[in-house]
Amino acid sequence: MSESTRPALAGFQPERVEDPTLINLQDYEFLAAERLTPGALAYYTGGANDERTVADNRAAFGRRRIVPRVLRDVSHVDPSVEILGRRWPWPIWIAPTAFHKLAHPDGEVATARAAAARGITMVLSTSASTDLAEVAAVGGPRWFQVYLLADPGARLAHVERAVAAGYEALVLTVDLPRVGRRERDIRVGFTVPPEVSVPNIAAAAGLPLADGLNVAFADHMTWDDVTWLAGFGLPVIVKGILHPDDARLAIEHGASAVVVSNHGGRQLDAAIASLDALPAVVEAVDRRVAVLMDGGVRRGTDALIALALGATAVGIGRPVLWGLAVNGEAGVGHVLDLLTAELELAMALAGAPSLTDLGAEYVI
Amino acid sequence: MSESTRPALAGFQPERVEDPTLINLQDYEFLAAERLTPGALAYYTGGANDERTVADNRAAFGRRRIVPRVLRDVSHVDPSVEILGRRWPWPIWIAPTAFHKLAHPDGEVATARAAAARGITMVLSTSASTDLAEVAAVGGPRWFQVYLLADPGARLAHVERAVAAGYEALVLTVDLPRVGRRERDIRVGFTVPPEVSVPNIAAAAGLPLADGLNVAFADHMTWDDVTWLAGFGLPVIVKGILHPDDARLAIEHGASAVVVSNHGGRQLDAAIASLDALPAVVEAVDRRVAVLMDGGVRRGTDALIALALGATAVGIGRPVLWGLAVNGEAGVGHVLDLLTAELELAMALAGAPSLTDLGAEYVI
Amino acid sequence: MSESTRPALAGFQPERVEDPTLINLQDYEFLAAERLTPGALAYYTGGANDERTVADNRAAFGRRRIVPRVLRDVSHVDPSVEILGRRWPWPIWIAPTAFHKLAHPDGEVATARAAAARGITMVLSTSASTDLAEVAAVGGPRWFQVYLLADPGARLAHVERAVAAGYEALVLTVDLPRVGRRERDIRVGFTVPPEVSVPNIAAAAGLPLADGLNVAFADHMTWDDVTWLAGFGLPVIVKGILHPDDARLAIEHGASAVVVSNHGGRQLDAAIASLDALPAVVEAVDRRVAVLMDGGVRRGTDALIALALGATAVGIGRPVLWGLAVNGEAGVGHVLDLLTAELELAMALAGAPSLTDLGAEYVI
Amino acid sequence: MSESTRPALAGFQPERVEDPTLINLQDYEFLAAERLTPGALAYYTGGANDERTVADNRAAFGRRRIVPRVLRDVSHVDPSVEILGRRWPWPIWIAPTAFHKLAHPDGEVATARAAAARGITMVLSTSASTDLAEVAAVGGPRWFQVYLLADPGARLAHVERAVAAGYEALVLTVDLPRVGRRERDIRVGFTVPPEVSVPNIAAAAGLPLADGLNVAFADHMTWDDVTWLAGFGLPVIVKGILHPDDARLAIEHGASAVVVSNHGGRQLDAAIASLDALPAVVEAVDRRVAVLMDGGVRRGTDALIALALGATAVGIGRPVLWGLAVNGEAGVGHVLDLLTAELELAMALAGAPSLTDLGAEYVI
């Protein structure tokens, strides 16, 4: 049972919390920055070049304001949404990020457990530091993020392993034909430490675990690859769309959903903020498929703004890593709980008892 | 007799003041911050989450400029306005805020005395730390702010007590279906100190004084509640309107006035600034009822801008508390005198000898 | 002979200057701040309330950019302009400011000498600390700024003295029906020191010199006063216009020119920046009379922007006081030379050999 | 062979670099500031007056965002462009700047070698500190920047020397009818040190080497001079165009290309940023001639933005000097390699395998 049926308290005393220094996602970011190695911090925090897009992803939310409605019955708030035939309890998903073991020894398994306990879909990265089967064994809703490997055999094996492990959808990342230049990594001389590997890549390539990091990704990727991926029988979600025409093309090539994303500002610096790109994509998609987004969501009100502007659900990437770094599975769980509670409260205060009540007229 | 009939001095020597460090409302804010306990300061100052809306309430005034008129006869300035059948000497009212005894032992009585001495309407909060009858005994124009209590009997008793005590209007706050998350309170571990209570809630609920703080508010509130409240025979003012359609609905459900407000940024963070929301509400209301506003008014020129954009009167909340904290009744009085003198001067300098001279063409 | 006929140097070595710390008007401001008493500095620097308009007068220039033209023959630049039948060598005038003896013992005489030497029109303030006849004796083009004194006899005598002393035009300041609240003055407890007086006011009122500071100004001023002032046979310039309708009214009431001005931000805080108000006034005036402006001009490019937007000439107030404070007549002269040289260079670099070449298409 | 055919790596380890403190152009700026004399630093860094335009040249890029396309085949990126009949490997050129020997004893020869090794066109300045024949002897594509000397004979000789030395085009700078006032130079008392001269000017004027610095430039320059210059049989490029009408006039007078430029903010302060001026010039030119630009390009994404908005190629001025100051020819080469690599990556990540794929729809 969600908190939405709890009667409102008089509210004269503030909420009691375990730790008053960890009450929002930014707190987790600050604390994680102390806990992580300089290399891991640079890798997680950094974006491409001047990190204009990293900053703009956040700033884009600051440029919007919500016009709430009042005196609607919000004693019960329903933040659930149906996506690809499954009802999600929250319009929130965990965006794929690499190497969770850089943040915590429990790695992706900890993240998956926290997500599964809340019915939240985790998108496991090709660059995960945990075998996809091990993560699948946690249970819970899960999608698999696909980078196309350069070698055709490895490429095929990679996708087949994900399908075999029961991942429910394939998320094709299309904004990494090459790797962006993340200057923080260069400054600190970041290297993946020996205890962290990419077992899924290694397995697909038939190589020893330690060699996965050297496997090349395809530098040649076109819309035909979407069609090819759709041939595996799972829904294909195209992640990294910023132009409305690309959203149209994605649907034409069989995508079941798109993700408006600029890879957290890690690829093309000066790329448009995800939130700024969202409305045109929503209009182009015209409700034919789900439009997810990620980039800069740190508050329930951020989520509400994106949802009102037409996002079907919003993903969070880095905050999950901060939670993981601070406190493993419990940290991820707390990050998710903070964000979902904020969203639920924001819906109530905005006078929107369900997501279908939200619309672009809520945002200016 | 107001200062408006005083002939202008040559003005070569600045005004003589008692204390040159207390010459505007911001001065009171700075000094109050030193006088209050950390908990009271957090409670009064804080807003929801990142306090974007708190800041934007102020910034919205900074984004406007006044285009004054000249050579109009402003030797006599009349800042009075008629609201709900009573002529107010100033288009200024005291917005409801909780627990005045947190700021000063004299609490709401001190505030009421300062207001009454100037003919300014005070809106007493449901969460006042003084019994409503004791405040009423001060005399002076007074409205009562209503939170609906969860228990039907208590809810009825609460309103009946206010009616019986001679409050002239009921101000229904509609932006608190739940309490916003005020992170400052959580950070400092604010608790209402034992010497501060909410006697009106306790009395309505038939509980000992100390138990009032635990009485639940209704989490289910709709437009029917406006109709219900209007049944008590007093004018009902709906406070917390930001969307023009809600202003229309308020009038349809019997409201005698609306207050454009975001609860001082304490409820839905990222909500639109009150001033930014004002013009659309004014247009929707189309002079059928009075449109009050609060949020960010700290200067006479702020008041003038809001009035020119169609506000019938502007409320101040926190500045009253700063005055109270600094110097009790005299502090509140000085805060009011500073603001009214600034407004009167601003009207003269803008070439508007009366409020009806002001219009949207004064503001860009 | 102006510098405009000097062939351009190769420019590989920068200009040789006497003092490299005094090469623009801002340098003078910084140095003057060290030289003045705290009271005089507050009085000169300060604006009303939060000084939003003071800041915005400057910022308004920063919001514009010039689109220069090239390959026009600018070997000879003619910055002269005809105003009220006289050809000015520069489209620059000295705005009226009070008490030049606060800045330097030579007071307005020093200012007048520097202006006269350059053929620049000085507008002497009613609140000058020097007798208007003494200033007139310096020679040079001069206008007189008029505040209406409260006493009718003194009012008449005041204007008659100016007319008798050969001032060529009367500048009626209309934005001071009351004195703005300049908080800096109050903070520092500014008082006019005993050695500084307002001899013109005292003389008009028939009072001893020291009593001039206590003479009241009219608090009742209307368009009829413009008509009255025009009756003295001199051109009347209405100073303090920000609304285009007031510019139209000024012309209808006999004004020979208007000055777009907000009194340097000293009267109505939050008033529109002079530069922002300029275009609508220019449009309303439609070339019937000259449109002067003041407020925020500190650079030749500022002047060029205002001129391109339709100002006939731009006034400077505070910079003259900085020059006076730093170095008396020579300081004022240097300030004027710096500004005129900057303007002449800006015209050359913008491809506008004369002021008639400038137009709104130069500015975005 | 360019790097564009290198298969993308997995990218889990950041690029290995020789010096992690020199990985972008800003790093070179910071280090050069330590290496240069105060005078040289002031001369290179400074702009006119308040340096508004210097700052705005950069800020204009920050105001734009790129909307990238995805799933286009970018395995091979072709950044080449044809300009005046020659195919450039990159749409990048070296803008003319004076006195390279101020930065490094090897001066313009070092710059020319770095440029020639990469097939990048260097525009040698009239104010070069190296004889144009010595620079020509380096080989590589080269244009010559022309200031018109005041003396007609010297003017002719100057151009003839450049033609004779095999420069392929003449770049006429039209935004310097007079020298802008660069206040930094005045503050630090910059003088060209004795070991630095302007041999090309001296030779044209038939003067000893040391006297070149005193040769006057023409202060009278019109469109006829473009026609005159075109008579030498080389393509003439008009540099310093900001207004679209001037671009049209340039073409009418025989220009083979124009350069949108404000002289790096060193001439008319408050002039429009080059990038802001670009679109209107591109529209006016309507593909009749090439439209180059310079001003504020520091990143590959800056270049991409300008190219998408219609620039045929972008020039860099100061960054070349930073490279020269830090490490002579190798420093210039590294600066060029960093920028070209960034551009090539930006094209790949923007989904534009060739420059003809770029268009204004990429930029918002």
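Each chain gets a letter, A, B, C and D, in the order it is written, and its residues are counted from 1.
One rule holds for everything that comes next: a contact is a pair of C-beta atoms (placed from the backbone, for glycine too) under 8 Å apart; a residue touches a chain by one contact, two chains touch by 3 or more.
Just so you know, these numbers come straight off a predicted model, no measurement behind them.
Under the contact definition stated at the top, the chains bordering both chain A and chain C are B, D. For the copy pair chain B and chain C, the superposing rotation over Cα atoms measures out at 90 degrees to the nearest 5. Here chain A and chain B face each other with different sets of residues for the most part; under half of the interface numbers are shared between them. In this assembly, the C-alpha centroid of chain C lies 42 Å from the C-alpha centroid of chain D. If each chain is reduced to the centroid of its CA atoms, chain B and chain D end up 60 Å from each other. In chain A, no residue touches at least two other chains. Of all possible chain pairings, those that touch are A-B, A-D, B-C, C-D.
Within the complex, the chain C residues that touch chain D are 6-15, 17, 20-21, 23-24, 61-62, 64-75, 299, 301-302, 304-305, 342, 345-346, 348-351, 364. Remark: chain C residues 49-50, 52-53, 56, 98, 127, 150, 174-183, 185-187, 189-192, 198, 201, 213-223, 225-226, 238, 240-243, 245-246, 249, 267-273, 276-277 touch chain B in the complex.
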